[in-house]
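Each structure below is given as structure tokens.
Shared between the two complexes below is chain A, which has chain B as its partner in the first and chain C in the second.
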Partner chain A sequence: MATITYREALNQALSEEMRRDESVFLMGEEVAEYDGAYKVSKGLLDEFGDRRVVDTPISELGFAGLGVGAAMVGLRPVIEFMTFNFAFLALDQILNSAAKMYYMSGGQIPVPMVFRGPTGAALQLSSQHSHACDTYYAHAPGLKLVRPATPADAKGLLKASIRDADPVIFMEGEMLYNLKGEVPDPDDGDFVIPLGVADLKHEGGDVSIITHGSTVHLALQAAKKLEKDGIHADVLDLRSLRPLDVDAILESVKKTNRAVYLEEGWPYVGIGAQIVATIQEEAFDHLDAPVLRVCQADVPMPYAKNLEQLAKPSVDRVIEACNRVLYRS
Partner chain B sequence: MAETKTEKSKKAATGSKSEKSGVEDGLEGFSKEELHSFLKEMLLYRRFEEKAEEAYAIGKIGGFCHLHIGQEAVALGFIGPLRDDDYVFTSYRDHTQGLAKGLKPGPVMAELYGRDGGCSRGKGGSMHIFGAEEGFLGGHGIVGGQIPLAAGVGWAIRYREEDRVCLCYLGDAAVNQGAFHEALNMSAVWKLPVIYVVENNEYGMGTHFERVSALPVVERAKGTGVPAHSIDGQDVIATWRLMEELTEKARNGEGPQYVDARTYRFKGHSMSDPVHGVYRTKDEVEEKKKSEDPIVVLRDRLFDADLLSEDELDALDEQVVEIVDEAVEFADNSPFPEDEELYTHTYAEINEHGRLFFDGRDR
Partner chain C sequence: MATKVHMEALSPTMEEGQVVKWLKAEGDEIANGDVLAEIETDKATMELVARGEGILQKVLLDEGGTAAVGALIAVIAEDGEDISDLVSEGDDATGEGSGEEDEAAAKEGEEEESKEEEAEAAPERDKAPAPEEGEEGDGRVKASPLARRLAADQGIELRSIEGSGPGGRVVKRDVEKAMEEGVPDAPRTTAPDSEEDYVDVSLSQMRKTIAKRLVESLGPVPHFFLTVDVDMSRAVEARKRVNALLEKEGKKISFNDIVLKATAMALRKHPECNAHWREDHVRRFNRVHLAVAVAIDDGLITPVVRDADRKGMAEISAEVRELAGRAREKKLKPEEYSGGTFSVSNLGMFGIEDFTAVINPPEAGILAVGALEERPVARDGEVIIEPRMKITMSCDHRVIDGAQGARFLQSLTGILEEPLAALI
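And now, the complex of A and B:
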């Protein structure tokens, strides 16, 4: 094991996969000469050259579609968006081309590729750079959606995503890139985490805090505080939202009988809405309280520091929701 | 180099009679057999589409169905000179390009019928004809959506250092989409072997190109650095010759090319739309049918050159009618997809863990 940052873990995953498979290439804005806007691709241009590490014009729709076309004839593109906020320009190619190609060609043309980049809020980036974009992609059959929260998950899941036969949306977090964590040493063999397996990151028995992505860390802080209060929480990190580890959700809920869903995005038609629906459909008899959600306030992200803090999910709001499902005031 | 090309295209666009009819090229270099095969191919496309029209009218074909009648020379003239291992993309007016690239008429008709034997297994329909083996990469339903995809295939060709080319058709209305400008710019920057052919039939559905565009079609690639050409798309000989020239350049690493192929749609935008009335007059359509039918244009040239007799023409037509009848029979006999096929082909890889479908079928 080595302690590395989330950024370094992604970089390791990319370089290992590019060494392993000649058909993998990285394309996006500033990924080559600038080493990536968040330095995820540092050094890759030197190792792989400008054929496989490619700077693009600021044409999200264009280079997303170019990636899909290359995947249609068997390459495995990794398309980086500087942030998924900018990928809205490319939604047509992601939803209408990548997600539907295999189906509408009657199974003739798979699209093995990864779209990756950060999503959600950082610090005071205001409305157009703070959007948590998960739900748009989770909605569409044909796509897979992965949200790693730790360096190890980032590495293992990115490698699995690159090897997957379908288009995978791989969402990172701006505030996660500097996060350090233990990752198996590259010399100890190929480290791949299969999609669709949730990870119980903290074990309790009183309440399930289910979450994904950057908010995993909020949940862990909340669990720690609750512990002092004698409340033991499960923190279940879904890691991928499609495929979704429903068994792990049900297992935790059946144990605790109470659940809170925590996410960066807005509540209305958010990921949490789906998770709540799944829990009530499949574990109704095990619930001792309604499932609550902690989300971003239902407004565009404000710039002012105090308002931004109010808008984002917080440890306090998670604790409050846990207390409510436990009927503690 | 781009400027020279544009100059050349400008001349063609303003069009002296000889350039427009392609007479100055003559028929040299083509054997009688080849010329007959051109006529036969275009007749096949025409009869195929006429049959689709009939089948639509009696409810055998559903949804949107866009016919290519009147634009046959654009299909043959640009796809004909390609190699089998080259690639083709197009928009939703895609049946005849599929045939031109080697798809069998039976599976294409069966696709229109929504049958299991369809080239896309009945899941794509009229707008999504696919033939991966034939290098026919679809029928795409969003105006301009196929343009970046074609650039991507060009990218893959260059990445693998192959000498294939990719042909990408688009309608004239697609040049007003952002995807067009983004994809052509990248194609020029990276010298991708893609030939973009605008099927300029003057109308985006019911809106004349000039009503919504400040510059003519041929000018629209200028800002991207892709060399532009203009051609009479009703003249299969002229388009064939131009395409031979352009594919050679693309194969030799000279990068992308752009063609304004002037053509005309003899039918409505789709089967749900009127042929004329709201946006163009009956006289306009009739005049075009009389003077610019690509099949008549070729037929008359062959008559004039004593390369075709009435009997030979009739024989060719009989042959294609038989092929189309067989295609209809194939489609009629092909079963509807089984219910289980609803879920297949959503994902190429069903992951070992986790749930991929959320409509309750897993429970």
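And now, the complex of A and C:
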């Protein structure tokens, strides 16, 4: 085991996969000369050259479509969006081409590629650059959606995403790039985490806090505080939203009989709505309380620091929701 | 517009009916509600009333004739109205394809019925206590899905648990507390008027297994039998004294009346025996309605003495006599021979010492009462002669277990052996 940052973990995953498979290449804004806006691609241009590490103009729709075409003819592109806030411009290529080509070609043309970049709010980037974009992509059949929360998950899941036969939306967290964590040493063998397997990041029997992405860390802080109060929470990190590890969700809920869904995005038609629907359909008789959600407030993200803090989900709001489903006032 | 007269279901189990007598003839003027005919059902002779007005234009079933429920048996119409289409339908024994008028009449009937029900139910509702926490105004208990499942698995009545969640919602911890502390088997009531008439007890897994296995073993109703041999010395004495008191009024009570009263009192103490098997749950009654088997010429009928536990022996006696009399004439109304919660059958008058009776489903128990006769018994090392009576209880094992039946019979024996107990 080595302790490295989330960004280093992503870098390891990219370089290992590019070494392993010559059809893998990285393309995006400032990924080559500048080592990536968040320095994820540091050193890759030097090692793999400008045919496999490609800088693009500011043209999301263009290079996303270029990537789809490359995947259709047998390459394995990794398309980096500086942030998913900019990828709205590329939605047509992602939803209409990448997600549907395999289906519409009757299974003749797979699109094995990864669209990756950060999502969610950082600090005071205001309404247009603080989107938690998960729900737009989770909505569409044909795409996979992966949300790693730790350096180890970032590495293992990115390697699995690059090897996957389908287009994978791989969402990172802007505030996570400096996060340090233990990751298996590259010399100890190939470290790949299969998609669709949730991870129980904290174990307790009283309440299930289910979440994904950056808010995993908020959930862990809440669980730690609750622990002092004698409440033991499960923190279940879904890690990927398509495919979804329904079994893990049900296992936890059947154990605790109550659940809180925590996510960065808005509540309205959010990921949590899907999870709550799944729980009530599959585990109705195991529920001792309604399932609650903790989300971003249903407003465009405010710029003002104090308002931004109020709009984002917080540890206190998670604890409050847990107390409510536990019938503690 | 013509009104079709169908053979109606005049008893809950009636499949066909026989016209005993037409009380109106063709050409008679008919008002809504007029009695058209006497119909013999499987249980009694009932009145068939008109559900429309006009002239009785056509009678399609002669006296003595039998028709299936729903069959067209007559037509009421305006004077001179053409009913030939309707009359040809008379061949259709199912009586389907009713006219608008007919449907309207049926609807009206339904409405009246529901109004009556409402009228009856309203004072009850007024009397009902304010909804407790966890119980909504409509009598629904608020509980989490998990609490419902746990309570059902444990056979605990949700209603008996106090909810600690928002708005009194019964949640997991409340059920767990109830499991630890235990909840009463069934509410014991002393004032049935102010309470619901029965309590539905959901089936625990064990109860379901007992029900399934025992039915496999013995018929659809798994009977078992418990017999007691009762010392009737004091009952004989008590009857003499009671009858001496009643002589002035020209009344007297029988031993059977004493047994009925004692049975009703004992059932009151043991609601687990005063119950119906209802396939997915057991219904325990808070009121005691005794069905008394009465032999009639071509069979058997069980008129019901309602609230027998709250009636005096003289009242029970008079009621049984009156009901039995009309039963023999087949004049009982359906409501007079249905709704029993427990049955009593007595063959003592035929000199039968003891026998077993067959349960009348969905009831869960029946008593078979044998003859009262002097028999030798051993007491304190000596043989003495005393009046004895054998009573055998048939129990539906899905509802009543051996010890429960035995405890009920203990109470019953206690009352019969010391009738003064009735006063306590």
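Structure notes:
We adopt the following convention: the second predicted complex is superposed on the first by the 329 of 329 C-alpha atoms of A that agree within 3 Å, B and C clash if a C-alpha of one lies under 4 Å from a C-alpha of the other, contacts with A are read in each partner's own complex, and residues count from 1 in each chain.
Heads up, the rule we're going with is that contacts are C-beta pairs under 8 Å (C-beta built on N, C-alpha and C of every residue); 3 or more make two chains touch, one makes a residue touch a chain.
Predicted model only: the values in this text are computed from it and were never measured.
For the composite obtained by superposing both complexes on chain A, the positions of chain B and chain C are free of clash and fit together.
In the superposition on chain A, no contact is made by A:Lys180 with either chain B or chain C. In the superposed model, A:Lys42 lies in contact with neither chain B nor chain C. When the two structures are aligned on the shared chain, A:Asp288 is found in touch with chain C, with no touch to chain B.
Taking chain B and chain C in turn and counting the residues of chain A each one touches, the greater count comes from B.
Shared-chain residue A:Ala70: touches chain B; no touch with chain C. Computed from Cα centres after superposition, the angle at chain A between chain B and chain C reads 100 degrees (steps of 10).
Figure legend note: chain B and chain C, brought together by superposition on chain A, show a least Cα distance of 21 Å. Common to the chain B-facing and chain C-facing surfaces of chain A is no residue whatsoever. Against chain A, in their complex, chain B makes its touches with residues 87, 118-124, 128, 130-133, 137-138, 140-142, 145, 147-156, 159, 178-179, 182-183, 185-186, 189, 344-349, 351-358, 363.
The part of chain C that touches chain A in the complex is made up of residues 144-149, 164-166, 171-173. On chain A, the positions that touch chain C within their shared complex are 257, 284-289, 327. The touching residues of chain A, when paired with chain B in their complex, are 25, 51, 56-57, 59, 61-75, 77, 92-93, 96-97, 101-112, 141-142, 144, 164-166, 194-197, 240, 242-246, 274, 278, 282.
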